[in-house]
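Encoded as structure tokens, the structure appears first; notes follow it.
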């Protein structure tokens, strides 16, 4: 097996620099690459373009990079829940490209899969389709969308092995699998690194070929954004 | 949960009729929907268009339908290993559309995913791209390919539950997952039907939403096409 | 007049046996609480789960199991998790039978706006544009008027659109309305609400044919 | 002159540490047997497996574990199975580093034909068109001439193409050849084969610069 394991987060992020385009997995704060974000904050590189479904909250996730003005442009589908983000965006300090969530996922997947462009109905007739090619298929209108191009993809998985194979947990899976192999270099951080051969070949979500570097992550906070519970006394 | 379980193969194939277009999973003889094929042979419906990576062998798989002249047209990527197929094709009795294997998979996946069309490099400059739209992206030429349209998809899985959730085994997975939900009605047959809740939600390959009917398959032959072995005395 | 719970309750009646349903954030999320017990329905959330159950008991929350509103949830037996691409295959591929979402404005031709107020608020469209462009059955859950008392059922939307000519039905605090080729067709009145009340609160063309029954629950 | 095993052995030298490799049916499949033991390589088969191992011991064959040639195989620790769409994501997305496949004809501009003889044989292209259209590193393994003794290294292919201007290197029973913008460049001779032998067996432009070494294994 080709060994993708690197010793630490410093080595995992070798080559990142100002002005690069990054993909970052996660939905809200679930499944975000906490170790990679922390290291990016530490390095202080700036002028970044970040492709990520959300932009974190004020004091966690990508919000940490926003606080330090490291991000030049965000490409996301939903950016609520973040006041600093809204402030930077409305003031024009931060460039923002909002695109439909399914289109965001599919543009990542297209990059992973060597599909340069595809048609989707999402956004037809709205401002996200402005200046984009549209076309009719079977009586319905569609918009032409292109594969993303990115320098690094930072993803977070539940379990992984040194071959780079990944398994995700629950809804922390989200955009992480489709970003693997969608950038020049994919860096995976995992909650648990398991010995080679321990993962069932039938149950691997992302084969190691899509991952260039893998590390054992540390100090996961896994913050919950909306803690909603029901009372034990209630029905159900 | 929405219950997709039907009692038997007769019920599972309700609605199939002459002249329809079917998708059939499998690669070679591995992972083919043996029960569905047997029932189609039994019903004797004809004039069929079959989308399937291969066409079986003379006396098994889709070869059984070919023997009885039930197939009008095959859409496949590789059709060797079948003399009756070659005879019918060269004599003009059988219409054949050969397309690249990755394009076949992606056209199924596009149908599943509501993508009407996409660009792929496969086949550019060859006869499979004749009369197709071609286009340059980033200095490379691509061919526009469209989602398939089919009436039924017949797939075979390893395990499944009444909600229609499916898990595949080994390389018997192949085209089966990408055909689920790619036709109007998807019929899944499984080697083992397990109680609801027994499949780990993290490990389901195809969620039940893509499957309309599921049955416990029977009498699987699982024939091996090329039995290759090494001697115990050899190195390794 | 209905409150948000009432709107959710009324919409729950539109959920039929065997439906896969995607619920938006806000009022739509409440719909799950009022679906009949004797039908089988599965809830999909676009962040990657099918077969959502109720919120977890306190102490059983899992940061790795949330819905698209980032709320902690549980799953029912037969549930599945999947990535964002497969999730939108379900949506774009029209495997989801019913989409229920909120809106800031709906136009009489079925246009919907719910993601942006230029210069003021830009949260983003999330999965809404994919949902409304793909779904064959879209119900909007919203208040009939905004906080300033202005109608949200318009001749034309004034805000940037989320989708065009896609909304099929609207359930508000005042009425159940069907979007037809001729405009908003009034189907039902909320308890204690008159046809005139609804007329006054509706800017777009309102079609009133015969007696309009009060909503039944 | 090399036999098929010899061709496979020579090609094995082109396989570098850290490569993901897709092997076609026939001679290419044999390459796996001769890759150095001190480098790490993973073999992908387009029917949905990464990390293929050797053939199984007798009695351990599994109908559900085969390669693209439909041969029973085994997997190594760290292997994975996946569907056909993800398999071609690996190929089309250029995640596979090296593709080795057979051919009926190769042209001096790198065109390749290997899937059809009009009116005679039509087995289909399988995954070959995706592989040659996507791979940056393609090596063809074939005999230098066909059964009738005619060259398979041509000015232009006569058979329907599998891909255009894509082949980078050719290893035959007679020679190792690089495809350049000026034609076939002779790199190495097979043991006991003269430059003239190769010239006579090559219809396309053959570039011969300086002394041509004999292959080393």
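Labels for the chains are A, B, C and D, by order of writing; each one numbers its residues from 1.
Here, a contact is a pair of C-beta atoms (placed from the backbone, for glycine too) under 8 Å apart; a residue touches a chain by one contact, two chains touch by 3 or more.
Molecules present, by chain and UniProt name: A, B = CoA transferase subunit A; C, D = CoA transferase subunit B.
Computed from a predicted structure; not experimentally measured.
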By label, the chains that touch chain A as well as chain C are B
Separation of the C-alpha centres, chain A versus chain D, in whole Å, is 36
Dist(centroid_CA(chain C), centroid_CA(chain D)) in Å evaluates to 55
Averaging C-alpha coordinates per chain, one finds the centres of chain A and chain B separated by a number of Å equal to 32
Residue numbers in chain D touching two or more further chains are 49, 81-82, 85, 88, 91-92, 134
Multi-chain touching residues of chain B, meaning two or more other chains, are 106, 109, 113-115, 120-121, 168-170, 173, 201-202
Chain pairs that touch, by label, are A-B, A-C, A-D, B-C, B-D
Seen from chain C, its contact residues with chain B in the complex are 18-20, 40-42, 44, 49-51, 75-82, 85-86, 88-96, 134
Per the touch rule above, chain B residues touching chain C in the complex are 1-3, 109, 111-115, 161-163, 165, 181, 196-197, 199, 201-202, 204, 207-210
Interface with chain B, chain D side, in the complex: residues 45-49, 54-58, 60-73, 81-85, 87-88, 91-92, 111, 115-116, 119-130, 133-134, 160-165
Chain A residues touching chain B in their complex are 106, 110, 113-121, 137-138, 140, 142, 146, 167-170, 173, 201-203
Counting only contacts in the complex, chain B reaches chain D at residues 27-31, 53, 76-81, 86, 89-90, 96, 98-106, 108-109, 120-128, 158, 168-178, 205, 222-232, 236
